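Single-structure report; data block below.
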């Protein structure tokens, strides 16, 4: 807990770290508090009020079916951030496991795992997503799973690269000489020293995942109604970009600001946690 | 020489590395690091291997510790061939050979406190006993229990090296492999660490295999000296003989360059 | 080198084969039925069965797969579109040039913009100029391309009416002279290229900045300064060469991202490229088109990675191909 506080205070020192923290915290709170904060039911249509611009009663206006956009965005935060966090978590888990195994065990297992990674990196990811997500009319969970399952390879590469270096460190040799089990060494001597890069990649990946999901649902391939992500909401603004400017303006801002938040936070975390810079530990 | 007196016997050891940057089906260049080296180390003595960097001295140390597989040759420890031990027996035996590395920074896990680092090296499930042993280990290298909760980056260079020595002593080893143990330290710290090493040797009757390019350090610690050059052992002699009357021209050159002679 | 190239080719073909095969089964096992498009609720199951048979969908999946592979390898025949009966290869070949044009122009634009701003920023590291450039790069790094596209479209096409905002040609395109036609294409491409280029540039800009800062602080630059070499020479001859080298490796891996970016931009600006084709095919479960498009997408990514490796080897004499570690 102390280490966490320390990290937050280090991040707080730089303007970008501060903005990143604030935005990520803000969006997380908005997503969590959606039921309390939403002024209207996000799926209740009111055709009398369809496509009305921002007003006192509907701060961000209404969409083509007269639904309150602010309420839809708040609930959309749950979908977008949920998919972003969920898929990033899965990708980080898979990527770390593969990277750690490959880099630590080396030899045939390393070659085999990295060939698979190379093979999968050669896949046109977005197109496959389009097909799987588009054809499957998926739930939020399935979307997150598919996104995560297709995005772990870069993390595996990063983790493997660091593990290969750390494996040669003398403290790992010392631990080996002490007869500690390989599992013990991998989990307690190697993994904690890669955790910095893992946290950085994970944070940046959340942003990327939110963007990819938004792009998919913007194209009409996203989660299915009644669920709506920010991309789904924005899709409605396509039909008349100027006439219903508030739809794309508000949904676009939500996506943009959350991305800025995760990207700035990831960048600042890299500055703070980078093992190559001093004053980085604990 | 009888077997009890002998702790380590290296027979016709050869080690080579494959060069990087070789092509898939093309031939790989082999770089010979150690070429047919044989030597024996007596129990309770300090055996020094000297030579410039790249002479193969560290490769020998790494192959004793099992980090490098030799092309040919054997390493016998207490009469057992280290390369042909069963896993369980090997684990027990290898705990009797402990390394102390040159750079204490990279030899300590940055994410572990002093206490955890030491506790990890003590092989007992009894927590109370572990604590006591940790404490006495710290004291034996001149650190105090105040250091217990500290991380490596909160320690000075000398303290880190002391911690490394304490960790190496934890499994009660018979052989310590000292790979340039003081060359990363300031002169004043060097003196402290060297006297600590002498003290430990006296108290515990541990054998040292010292890897060093620094002849001043060798003169203080060693009983016997072996000189390596480009993977070949060119001379082996007692410490007195080596420093007073080296036979091989390369040894003479080393001594001249070091300013001792 | 030869051995390396052969190994790369084998890996590439394997990737292509595995990837396309995987795609085949994934899309077949995914829910949805291509015959839906021909059906009205009143149609009898008999008619549906007839259509299914006509499209060759009644055979067991492995048989269909074998047939597909055989047709592709022997006749280079990807089948006919379920939607309009055109040959899938023709549909793809009609669309591909637009996507390649858009991707290439955006890549060049993004690369130029990214490199220039990255280097400029690195030379003034820590100053307000650097901070401003870094912030702008972060802005475009985080802005979703479909949003930026929509904003540019709204401003420059709909509101100001300066530039066309949809299709690749004007309705009077055929009546234009040769140069008029080229100008017409160019006008239609400005906003799409701007959108894709602006969102691509920060990827390179951020990378170039950090690698340039690192290079400028390295020992050999410091010693070059000490030797009194001109700042110009230091920046261009020493700094840039070493800073841009690693860029080549991320260039290759950014091909898939560029491709997916192009898909979105094409949809926004209604360009007749691969993006439109892929989206329509996926929505309509047009299997022959999906398979042909996926083959092209795999080939594009593979070629991208291959070019990056070659480029890297050419640019850096220290790299000997095949050193995988």
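Which chain is which? They are A, B and C, in the order written, and residues in each are numbered from 1.
The criterion applied here is as follows: a contact is a pair of C-beta atoms (placed from the backbone, for glycine too) under 8 Å apart; a residue touches a chain by one contact, two chains touch by 3 or more.
Small disclaimer: the values here were computed from a predicted structure and weren't measured.
A.B. asks: Which chain pair shows the largest tally of C-beta contacts?
C.D. replies: Summing C-beta contacts for every pairing gives the maximum at A-C.
A.B. asks: By C-alpha centroids, what is the most central chain here?
C.D. replies: A
A.B. asks: Could you work out how far the Cα centre of subunit B sits from that of subunit C, in whole Å?
C.D. replies: A distance of 55 Å separates the two centres.
A.B. asks: As a quick test, compute the distance in whole Å between the mean CA positions of subunit A and subunit B.
C.D. replies: Distance between chain centres: 47 Å.
A.B. asks: How many angstrom between the C-alpha centroids of subunit C and subunit A?
C.D. replies: Once rounded, the distance between the two centres reads 22 Å.
A.B. asks: Report the residues of subunit B in contact with subunit A in the complex, numbered from low to high.
C.D. replies: Listed in rising order, the residues are 65-67, 91-92, 94-95, 97-99, 101, 103, 106-112, 120-121, 123, 151, 153, 164, 167-168, 170-171.
A.B. asks: Residue numbers of subunit C touching subunit A in their complex, please.
C.D. replies: Going by the criterion above, the answer is residues 11-12, 14-15, 18-19, 23, 26-27, 30-32, 138-139, 141-147, 150-151, 153-154, 158-159, 253, 256-257, 259-260, 263-264, 267-268, 278-279, 282-283, 285, 290, 293-294, 297-298, 300-302, 305, 324.
A.B. asks: What residues on subunit A touch subunit B, complex-wise?
C.D. replies: Residues 169-171, 173-180, 188-189, 192-193, 195, 281-282 of subunit A touch subunit B in their complex.
A.B. asks: Which subunit A residues qualify as touching subunit C in the complex?
C.D. replies: 16, 114-115, 118-119, 121-128, 130-132, 134-137, 207, 211, 214-215, 218-221, 234, 237-238, 241-242, 245, 248, 252, 255-256, 259-260, 263-264, 267
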